[in-house]
Each structure stands twice: as structure tokens, then as C-alpha cells.
Amino acid sequence: MKKYAIKRILQLIPILFAITFLSYGMMRIAGSDVVTRKMENTGGVVSEAALDAAREELGLDKPFLTQYFVWLGKLLRGDMGNSYVSGVSVFDTFISKLPATLLLTATSILLTIIISIPLGILSAVKQNTIADYLIRFCSFIGNSLPNFFVSLLLMYFLAIRVRIFPVIAKDVSLKSVAMPAITLAIAMSAKYLRQVRATVLDELSKDYVAGARARGVKFSVTLWKSIMKASLVTVITLLMLSVGNLLGGTAIVESIFMWDGVGKMAVDAISMRDYPIIQAYVMWMAIIYVLVNLLTDLSYRFLDPRIRLGGAKQ
Amino acid sequence: MGKKEQGRCQKESVVLKNGQSTDNGKHVTVRVQRIRKIHIKQKLIIFSVLAVCLVVLAVFSDHLCPYDPYAQDLSSALQAPSLQHPMGTDTYGRDMLSRVISGARASIFSTFILVAVISVFGTIVGLCCGYYGGILDSVMMRISDVCLAFPGLVFAMAIAAILGGGIQNAIIALAVVSWPKYSRIARSQTLALKEEPYIHAAILAGDSSAQILVRHVLPNMIGPVLVTAMLDIGTMMMELAGLSFLGLGAQIPMAEWGSMMSGGRSMIQTYPWVVLSPGIAIFISVVIFNLLGDTVRDYLDPKNSRIK
Amino acid sequence: EDKKTLVFGDTTFNAENEEADINPQNTYAGWACIRYGVGETLFRYSDTMEIEPWIAKEYENVDELTWKITLNDGVVFSNGRVCDGEAVKESLESLVENHERAAGDLCIDSIEADGNVVTIKTTEPKPALINYLCDPYGCIIDVQAGITDNGIVIGTGPYVAADLVTDDHVDLVKNENYWNGDVNVDEITVRTISDGDTLAFALQAGEINAAYGMAYASYPLFENDDFTFSSAATSRAFYAWMNFESSVTSDPAVRKAIAMGIDKESFVSVLLNGYGYLAVGAFPDTFSFGGQNLTTESYDPDGAKKVLEDAGWVDSDGDGIREKDGEKLVIRWLTYPSRQELPLLAESAQATLKEIGMEVQINCTSDSNTIRKDPAQWDVYASAMVTAPTGDPENFFTTCALDNSVSNNGHYHSDKLEELAKEMGKEFDVEKRSELGIQMQQTVLDDNAYVFCSHLKMSMIMQSNVTGLVAHPCDYYELTADLDIN
Amino acid sequence: MNTLLEAEHLTKVFAQRGKEPFKAVDDVSFSLQAGETLGIVGESGSGKSTLAKMITRLTDITDGTLKFQGKDITKLKQSQLRDVYGNIQMVFQNPAGSFDPRRTLGDGIGESLRNRGMKKTDIAIRVKELLEQCGLDGELAKRYPHEVSGGQCQRAAIARALAVEPKVLICDEATSSLDVTIQKQIMELLEELKDTHGLSFIFICHNLALVQSFCDKVLVLYDGKVVESGKPDDIINEPKEAYTKKLVDAVFE
Amino acid sequence: MENKILIYDSVEISFDGEAVVHDVSFSLTPGEILGLVGESGSGKSTLIKAAMGLLGSGGLVTRGNICYMGQNILDISEKEKRKIRGAGIGMIFQDAGASLCPIRTIGDQIYESMRAHKKVSRNEAKDHAMELFEKLNFKDSQRVWDSYPFELSGGMNQRAGIAISMLMNPPILLADEPTSALDVSVQRQVVREMLKLRELFGTAIIIVTHDIGVVRAMADTVLVLKNGKMVEYGEAEKVLNHPQDPYTKKLLAAVPRLKRKERS
């Protein structure tokens, strides 16, 4: 197990190299740099010489490969550099944004689970009944509303009409996180629900369900003890993917609700061409990707004895 | 479960009269079974027709618009829905209905093209990786890892910065981060199919690898890919709308549902039709393609082979 | 006793907009310091954009290169330090050292402080020096107190920054030592809210008391008794630059037709909901050298058609687009999305110009600043720029319209304009400068080198119990000591 | 006699991820003469199918040599194997699974002919002929695998194998998933083919009774190794190895 | 009549309105073993599933009755059916391994099944199960109790399946091809276990199989089914040795026999 985990983490290295390099390259080809960006929206004009001086200061005049390796060298020494825009240490910036993102991730995942699993199971068990159709219809709605629109609706109804949640997040608290979390949970639940339904239907058709019935076991017992547990593998897979995406920050929702998280940071950094932050972000994403994959595999092992005990064929 | 069974099958105990009984005078209990067949084929046809309608709408949108979707008339800006303008008008006084119809082209076509490109490319890669294995497999799978691990947003924004905004570039960005999904599905399907006896039989019949891939593996693995693609049409529409929100989607004044929604979102309270009209269009098409995807899945499910 | 608190929502207070913190010397703009009442400049602009005393009580132009500025007595920084000549000297020296644009603007040779008198010597004649000192970068800060890591400075304004998180908020508290009257509000939070809809919802929900940067489409929500608007015409102009290297826009007829083919009036009244001012020239009517003194083309599609026809642009293939010598009349319209008015202008111009037979291809990209450097990539560039940030007409021409202007990417050249600019550079008399400004604008308009569409009507929307929050034409002053909430 | 197949020390090792490599077939040698029928018996998982796949080169041979009519075919590539497949064919365990579910039986039967450049019309005629030879209606060519019964499907599979007129036919448990009645019909068909075409068989089966009635020679596999070989009657009546004994004893009568 | 514990009376079973089993009648006395043979798809599984109420959503007994201990078990509520399932009628599936939940231990599932019918503690259930395991010749009962289905061989799973079914001591056991998934040696073992059951508990068994050898070894009576219709029903001896129906004859003739010199 340990060996396996180490192996997976080692796999991270080439991925990290590839994607940081790519991102560096792309941002570079993307033309304008932070210095040019800084001049935008201000309504004024600065001389080329001043711009060049500013570039030199940031090392932006050097060839792209040099810049990349300088960055890499620093990184290996544990220094992620400073933001070009704010001048603050990238690492500190990053750490300061994490709690918000973590809270949002946790609450929206939790909400998603609370909404989607019971409904998914219900709609599978009541297949082709009114309840099923209703649940599926709701999932269609959830699936076809863009995030930004859902958040507008929520703001309108929950913050203007009934005033139970604040429009803008004032702090990293449960009350503030509610609306962004609901927004994210709506879209995710809609997807999960369908998957849970499909998995449960699949499980329902398996022999062991008939087996339990033939032994006189109550359906609800089978449902909770066997079907749920078996479906959990699917749910975990989805969850892990979502956690990965959420930990990367959700640019749209975060910026609409003024939720000061990693996603908003990334979008701002990209639009400002703040390379050090972008690099840190890209690295973060790659690390999440690999870790999430690892965790998924490990949780399969935990959940499914066939994998844990090496019983699965092939 | 039992209840459902009972609900479905209406039970009537009927004691047949002696003379009518075929059972030599014995009393036989008869239960009437109410048959509710699920006509998957009919469902498939209905949803396919609806989907085709959408596509036709997209193709002929130019001819179907009651007004020029780009013709402005500032004097009649932001009119509420009326007989003249069933969906009202937008900020520029353009007819919303016409814009929604015309938007079908951009929205449906772009998602179609996107999904077509990623599913075809991903499938080919997955097929080859799964079938040939070896170096090709390792390399392509690492590349797909990188694409998956690469934050899509960074990519989209970089692409937009390199190539400029616009829907084509949003499509490129989404394509790069989405194809690995297909290659993974295709690969795992291919790996499983590779060991099927009929593939072995084909080898014995002297088929070349390419023939086997095209004639046997591809047709048998395309089901899950197709279903994913159908469902992805909805997903991609959402993603494009998200990119539009970030200013990375369609360029003005292009009528595209996602950007119409994001452009009109501040009017949700004041002039709701501006944002609801494209919203409803998105909803309808997402629902149609999702239902089609579900039905295709049911259709391909061997469990349902009897009730087709 | 209840504390008076106020929350102010602002879409512009963020790093992307060059307002990462409230250090006026940090970046190009650094407006937050003065906007949020933390810092004050030596002089300020009146409502008609004339110079008024502020920290300083008067100035004297000793000779072409020497300026003597006398400070008010009793000005103190919020930390209690007296703001005397020495403090001003330190502040300005630090500014010139850290702020490249300021250094270029001010051309300071030396500064001497003597009690409340500061004497500034410039390296070359600088008629607009006092105007430049009114720029937000000219905020006098306590250099000795230093600047914190998150960019908080000590100024002389009515509020003191207590906490600041870039892109999120700055917390202000009342300056107990304020030298210039009483401060009514005890605590203010300025929230960065980048999304316009969120801003609208927050104001509706009462989570913020006042807002700056609302989307036009949301204005109707607040046009009722619960809210008050405060608006002022600013010198931020939305205007189109013509590319004189382009084969289409180098044709005077085409430029003229564009000028006649844009429906500025509807743009302002419908698309901007009336929250804008029709522009004639580069400056709004509030300036003595404003548009009221100028003439230019007005919206006249038929006239425009005729102009084009006469110049040989005719639609020979019936596709609605005119051609001349086999070249289609296609305009590549470059603009950017960060100002909500620009895409609206582009889209509306596209439609009206189509009517006179021009096809407009819009490229609305946040990379416009890079693209516009290459004249081969665009024909018309629409931008939103502050034409008179210092209340003086010269700035606009030196940055945009002259042969040696860095931003003259369309390579406009006019002998007459060059002449007038030379004169302006030497003129110290305010009225004469104003007169020159008018002539220069008219020259530019006659060439249709620029089409000025509208001026920003800067608006703040607040709950009706908020008073003293007044929009100012220069866009610099927002939170002042007058601010109150009942 | 004319030796068709010669296998020497055939070994198959499966490399398994994270586990010890697994030897599925271990040092198996045999030879097959023209017209001879070789039975292979053994419990589930003893390596019978793996051996069959090695002979048809559907899986790579880890060690040992395989000769067909004296020519070494151990290392040939798939493209070079086409000629070999003209002589060796195989009938699979699971009849329905051995036809592409998306193609008609006729398509499957004619595939090898098509690959050998036969014309479409000729193929149709030949397919009909083959089906009839296997006791099926020629019309069945138009059906899909799921539209025919298991027995019909297996006959079609045999027809497919016969299409190229092979010299060796490998039957991997060709009847075990079928009903006894249908099983019997198939055995009769194979019997007939043996007589009329002089085919050689490798007959993999775990039903000893069938092997006894059909085969000339038997290999008993256990854990991938040959534990016993010889004439079927001898092995069944006088099993030498304990394993063989167990196998024989387990049969219900 | 009173010693008939299971009676099928003119049973017709339909799926979605299409009858697949027609007019089948037979009965079972305690301790009787009934062999159900017939070609694939003839309705054997359907017939025994009907008694368990496991026909699924599309299936229904459209005619006739099935009586267990004098009670018509077709028209009772799901709750009452649940009482009979397991405790009254046990079932062994073709692939007993698959009829056990793959991700829970055998012990867990045994306990759960027993709990469904009476209040027992886990330890009681375990003791009970161990006892039966011993009787069924399991070598290491503790290991079986703690194992997941996939950790056991096919034969062990099958026997575990039998054990679970037997724990409730049902008077009737329905076995759907309990041996066809197994190899010959294991198959023999399973047959032996089932015979032992009857010996120990007097269980009546219906065994569905393709293997005439198994029927010969076990069954008291034989029912031959073809296309959903009964073609022959009677004592095993008689049916196997003197078949009347042509189909039965054909079936028996098709069975390959091992030719041995002599049998001890």
C-alpha cells in the first residue's frame, strides 16, 4: 500500500513538469504580460522605456526558458516567488485563500451528498413512478442552468426576497458559504443524482438482491447494507472528481459571491498575467489531480473488499 | 418493490364457469396482467426526432427568424413579450425570438462540433491505445493525464489570450481538456473487447488489426461513447455558457445562448425575458439531448433487448 | 452611543484595476487613497474643475521653474504627526522616486521645505504642475510612518485604514485627529464586489449602503424613493480612434461617414439609460474648454450615405456593403470589455454603420492594448480614457494625438495640431490654454481623427439615508468628511 | 503419418501487475497427425483455453516452439499468420459470444473468404453451402447471433471455421454451454466432418464421456502441466495419476 | 393430501402478457426430491421463481395456484411472502456466489437472513451457523463465516449458499441448477450435501438441472418440461428408465456416457 502510494506520488513529477512548462509557455505566447496589463483600464499612457524597466525588474525581459528555469530553481529551494501584481509572497497568498476554498468545497460536497444520494436512490427504487419522473425532471433543470444564473436566482430569492443569507460573503463562515455552496451543489446534485440512480438500478438487477429477497430479508435492509455500500464506489468516484474541481476553485461562483478563494485568485492572476501565482495554481491543480486519483483508488480498496483483498479478477 | 409489482398487475380472481373452462371442469384462478410495455424504440424515435428538429432549427435558423436577429431598433428596446415580439426585445431593441432561433445555430452547432471533435479524437486515441498497448498507450495516457490535470480555466484563458476571444477558441480550449474522458472510455471498452471470442474469431479469419478495429471493436464499443456524447452536449453547453460569463465565449454581437444569458443577466429583475428566453432554449435542448442519451443507453442495454 | 457605520460597495477596487491597495505611490493609478478619504492632495479640484486649496492654502509661480506652495496651519496626519513642509517634501520626494509617471509629469529638480512653505524647482517649465499635484498620486502621506505590507499608508484624510485585503475589502475608521472639520461616520467598509449583479443585489438587500460601478441595466431597480443617485459628468470619454494607416479609415470620407453614422444620442439615452453625456469633443461641458465650444458631425445616416457615395464607395454587388476599387467597406473595430459601455457602443455602432453600408467586425478583447500597437490589425479603436485627469487640456493631446505621443497608434498627423501643441507647451495662462485646447479639439474633429461619443456620467447609488456622498467630475473624491448616514 | 502440428515445451507466463508472474501453461509438448483427434481434459483453470490460444497464436508464446507442417510459427506476426489460419481454425466455447453481435452470421462466416479476396456473390453462395453442410438453413446467414439458438450459433461457428477448409480444427469446449440434445447434434456433426473431410481435431472438453467417444489421444492438464497422456480408454479405465482418478470418479452415471 | 407441502395447480406464468409456462401441476411431499429437467428456456427457472414471488416486474402467475402448506402463496401480501421466503421455502441459485452480496461477509449475510425471521443475537446466529457448517463438512467454519464470497471457491460459495438457505430449516428447498457452474468434482460434493440435507432435516427439494446424471443420483420424481409444457411427470425410476414421451427419450439418448470396464 505504502509502495503504491509512493509510486503514485512519484508519477506526479513528470505531470508537474509538463503542465507547469506548458502553462509557462502558453502564458508566454499569450502576448501581453503583467506590465502591459497593469497599464490597462487606467485611461493613461506610459512610455515604452518605463515599461521595459518594469519588465526588467520582474525578469520578464529574459527568454522564456530562462524564466522557467529560474522559477523552477527557486521552487526547488522552496521559494515560490512573489506575485508580480501585489508583490506578496505567492505561498502566503495561496495559503490565505485556501481556507475559503476548503470550506466551500466541504459544504458544497456535503450538500450534494445530502441531496443527491437519497433522491437518487428514491428515484431508482421508485423507477417509472411519479416520484421518479419528478426527481429526474428536477435533475434536468439543475443540469441546464448555468452556474452564474443559479447564483442570481439564489441571490434574488434567498437574499432579497427572504433575506436568510447574505448576498456577499462577509467572512469565511457557514452563513456566508451557504449560497455559493448551494449554487455548486445544485449542478453537482443534478449530475450525481442521475449516476446514483443508474448505479442503484444496476445493483437492483443483480442476483444478490434477489438472493436476499429469497431469504426473506427486508428490502430496506438490503438497500442500506448492500446496495448503498456498492453504490458508494460510484459516488466516491464522482465525489473525488468534484473535490478535485472544487479545490481548484470555482472561478465563476467565487467571484459572483465575492468568496475570496483559490479560483478567484486564479482568474485574477490569469487576467493580470501574474505568472508566479498562475504557476502556483497550476501546480496545485496537478497535485490535487494526482492526490485525488490516489485517494480514489485507496477508497475503492477501503470500500470494496474485492479490491482490498486482491480478489478481483485481472 | 413488491408493492410496485402489485400496483402494476391488476389482480382479479375470476372463477370460470364449468362449461367455459378449458381445464376439464376444474375451478381455475385467473389473474389478469395489465401489460405496460416500455417502448424504448418509440421513445428513441421521439427523442431523435426532437433532436433532429433542434438541429434543423439550427441549420435553417436564418430562414425561420421572424426578424433579423441583428437588426437594432433602439426606440423599441427592452419591450416586454407581446404578439409582435413573443419573447420581447433586448437592450438594442432586437427581437429576442429571432435571436434565440438564430442562437440555436451557434449554440447547438458549436456544442455539436465540440462534442464531435472530442469524441472522435478521444475514441480513436482510446481505441489505438487499448488495442495496441505498449509505448503508444503509455505516452498517450500520460498526455491525457496532463490534459486532465491542467486546469481548464487557465487553458481557456490562455487560448483566449493567444487566439483572441470568440466561440471557436472557447471550443478549442474545452476540447483540449475534455477529450481524455473519451479516450478513457474507449480504452477500457477496447481492453475488454479485445478478449472477446469474436475478436479472436476475426483474427483467425485473417483480419488485419485495422480491420478488426474498424469492423468489430469500434461498432461494439461505440455505445457508451455515444451515450456520453449525448449527455455531453448538455454539459458543454453549460461550459460554454460559463466561459461566456468570463468573457471567453462568443464575440458580440453573435447570438449564442450562453452569452445571451450572461449578457442579459443583470436584467433578471428588470427585464427578465432577456435572460429567460435563452435560458429556456438551453433547458429544452439540454433536456432533449439528455433524454436522447438516456434512451440510447436503454436501447443499447442488453437487458432491454426483449422490450425493444 | 451607537456607532455610525457604512458599507460601500465598489467594483473597481481590485488589483486588476490597478487598485490593489491604498498606497498612492504604489502603482500607476493608486486612486483608492484619495477616493476613500485616507489621503489628501495639496490642492484639489472644484466642481467646475478649477484648482482649490486643500492641504495647501496657496501657491505662487515665482518663475517658470519655481513654485512656492504655502500649507495650511494645523494640518496633521491621522497618527498625530504635523503635516508641515518637511513632511510634504518627504512625501513628494518619495513619490518621484517610486512613481515613474509622477516623475515624468512633475520633472522636479529640487524641493525645499521651510516651515509651512515648500518650494519646488522643476527641470523644465511646467505650467500644469499644480494640476499634476492634484492627481491622486500627489496624496501627501507620512513617509516616516512607512507603508505596511498590505499597502496601508497614513494620510491626512478623514478616514484611517484599519485593515486591508487586496481584492476583498478595506476597513476604514474615523480619523480622530482630522484637521479639517468633523467626521460623521465612525466606521466604513469598502467592499470589492467585482460582479455588477452582485453589487446590485447587495445594495437591494441592504448589505451595502452605497455602490459605485453599477451596471446600467440595474439602474431602474434603484430609481425609487429608497435610493438616491449622485452623478457627475467626468472627463472619461468613450471615443473611437481612427487608424490613418488603414486603407479604409485613411479615407476622409469614410471617417466622416463613421462620425455621421454613429447614433450617439440613442447610445446615451437608451443603452446608457441616460446615465451618460453626449460628447462633442474630448472634454465635457463642465470644463471651460468643453464641447460647448465645438462643432462636429451629428447623426445623419442619409448624409453619411451621400458622403460615401460621393467618395466612390458604392454597393455594386447588392450585399448591402459598399465597395470601392474592389475593396469592401469593412471596418475592424477594436475595443475591450472591461468598461461596460464599450461593447454597447461597438454593438450599436455596428448596427447603425451597417445601415450606411459599412460592415463592422468587432474584436472585443482584453488584449486590445497589445493589438492596437500594430496598426495593421485594426481600423477603429474604441476606448474609454480620462482625457483631462488634471483638469488641463494638454494631457489628452500629448498622449494621444501628436507625432511623438506614445499612444498615437493610429499615426494621426496634423501640421496644425503640432503647431498649436507647441504653443500650448509654453503657455502658462489658464485662459489662453483653454482657448488653445478648444482650437486643438476642433482641428482633430475637423479631421474626424477621433469620434467622441459620450462622457461618463459617474454615478454612485446609495440608500436614501446616506448623505454627503457626491459624485465629482474628476472621479477622485468619493468618501469625504461630509459623508453621513442617518 | 503426416505430422501437422508439433508443440515442444510450450510455456505461457502471464505477467501480473503487482503479483508474481503466473504460469498458466507449463512445458506442454504434443504432436498432432493428419486425421487424428487429440483430446485435452482438465478442470477449470488448468490452462486448456490458454493452450488453445497459444496454438492459434491468439496469445503470445512465452517459451517453447510450435511448428505447423514443419514450419516454425512460434514467432510469426499477425500479418504473417494469415496463411497459417488457412489451415488452423478454432471453435470457441461460448457460441453466441464468438460472433460479433452487430453483424450477421453470414458476415462472420464469410469474413475469412472476404479477406482472401473472394467476390461478394461467391461468398454468399459459399456461406449458404457451409451452413447447409452444418445442418442449417441457408437463410440463417441473414440472422444476428441473438436471433438464433445456442445450437444453431455453434453450428454457424463451425461453418465459419470450415470456410477456409482448414486441416486442423480446435474445439475449445465447443459443446459445454449447450443442452445435451444439442450437444449431441454437434458431436454428430463433428464426427461427420472427421469422416468426410479427414479433419484433425484438438478437442478441449471437460466431459470425459465425450472425449472418450471422440478422441484418439488425450492429454490431461493439471495446473498447466500435462499429468497424463495416452489413449482415452486407458486413461479412463486405468488412471495412473491421482488427479485423473479424481476426475474420472466424479462423473455421475 | 395433507402431507403435500407444496402444490402447483394448473400454473400458467406470463411475462408481459406472453405465457411462457402453461398449465403445470405437480406437488411435493416432505423429503421428496423432484428433478426438473428440460431444454434451455423451457421455463424451469421461471417455475420455481414463481413460488418465491421472484418473477420480477414483468412476470405474473396468470392462472392457477401455488399452495404452500395449504396457503395460496400467490395472493398474499409482500410482508407475508417475506415470512415464507427463507423460512418456509429456501432457494439456491444457479450461481450461489452471485446471490450473495459481494462486498459483505458470509457471516454478515447469514446473520441478516436469520434476523429477518426471528430475533437472534449475532453470537446465537453464528453458533447456529457453525453447527450447520460442521454438518455440511466445511473444514474451517470460522474462516467461511468471516469470508467475503469472492474469497471462497465456487464450490464453497455454493455450499455457503445452501447453508444460508438451510439455516432457517425450511421444509422446502428450491435449487436452480445448483451444480452447472461447478466443475465435476465440486459438483459431486454439492450433490452429496443436498442428499445429506434431506437425511438430516427431511427437506423436500426441487432441483433444476441439465445433468441427467445428477437427476439419476438424487431425484425421487422427475418432471420434464418442454416449451413451458409438462411432457412427463412421474417417479424418477420410471421416467428415466422407461420414458414415454419422445422428447424425454431424445433427451436421455443424448446424454453421453463414460464407458468403463467395470465399476466397483
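Letters A, B, C, D and E mark the chains as written, and numbering starts fresh at 1 in each.
Criterion: a residue touches a chain if its C-beta (ideal position, glycine included) is under 8 Å from a C-beta of that chain, and two chains touch if they have at least 3 such contacts.
Nothing here was measured: the structure is a model prediction, and the numbers come from that model.
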Chain at maximum distance from chain E, centres defined as averaged CA atoms: C
Which of A-E and B-D has more C-beta pairs touching across its chains: A-E
Give, as an integer number of Å, the spacing between the C-alpha centres of chain D and chain A. 53
Rounded to the nearest Å, the gap between Cα centres of chain B and chain E is 46
Just give me the whole-number Å value for how far the CA centre of chain C lies from that of chain E. 89
Listed in rising order, chain A residues that touch 2 or more other chains are 31-32, 152, 156, 213, 271
Enumerate the residues of chain C that touch no fewer than two other chains. 197, 366-367
Would you mind listing the residues of chain D that make contact with two or more other chains? none
Which of the residues in chain D end up touching chain B in this complex? 53, 56, 58, 78-79, 81-82, 85-86, 88-90, 92-94, 97-103, 108, 111-112, 115-116, 146, 157, 160-161, 163-164
How about chain A: which of its residues touch chain E in the complex? 206-208, 210-218, 221-222, 225-226, 229-230, 303-306, 309, 311-312
Could you please specify the touching residues of chain B with respect to chain D in the complex? 196-198, 200-209, 211, 215-216, 219-220, 305
Interface with chain A, chain C side, in the complex: residues 9, 14-18, 20-21, 27-29, 100-101, 104, 149-151, 165-168, 191-195, 197-198, 201-202, 204-205, 207-208, 236, 336, 338-339, 366-367, 369-370, 384-386, 389, 399-400, 405-407
Quick one: in the complex, what on chain A touches chain B? 14-15, 18-19, 22-23, 26-27, 29-32, 125-126, 128-129, 140-141, 143-149, 152-153, 156, 187, 205, 213, 219, 248, 251-252, 263, 266-267, 270-271, 278, 281-282, 285-286, 289-290
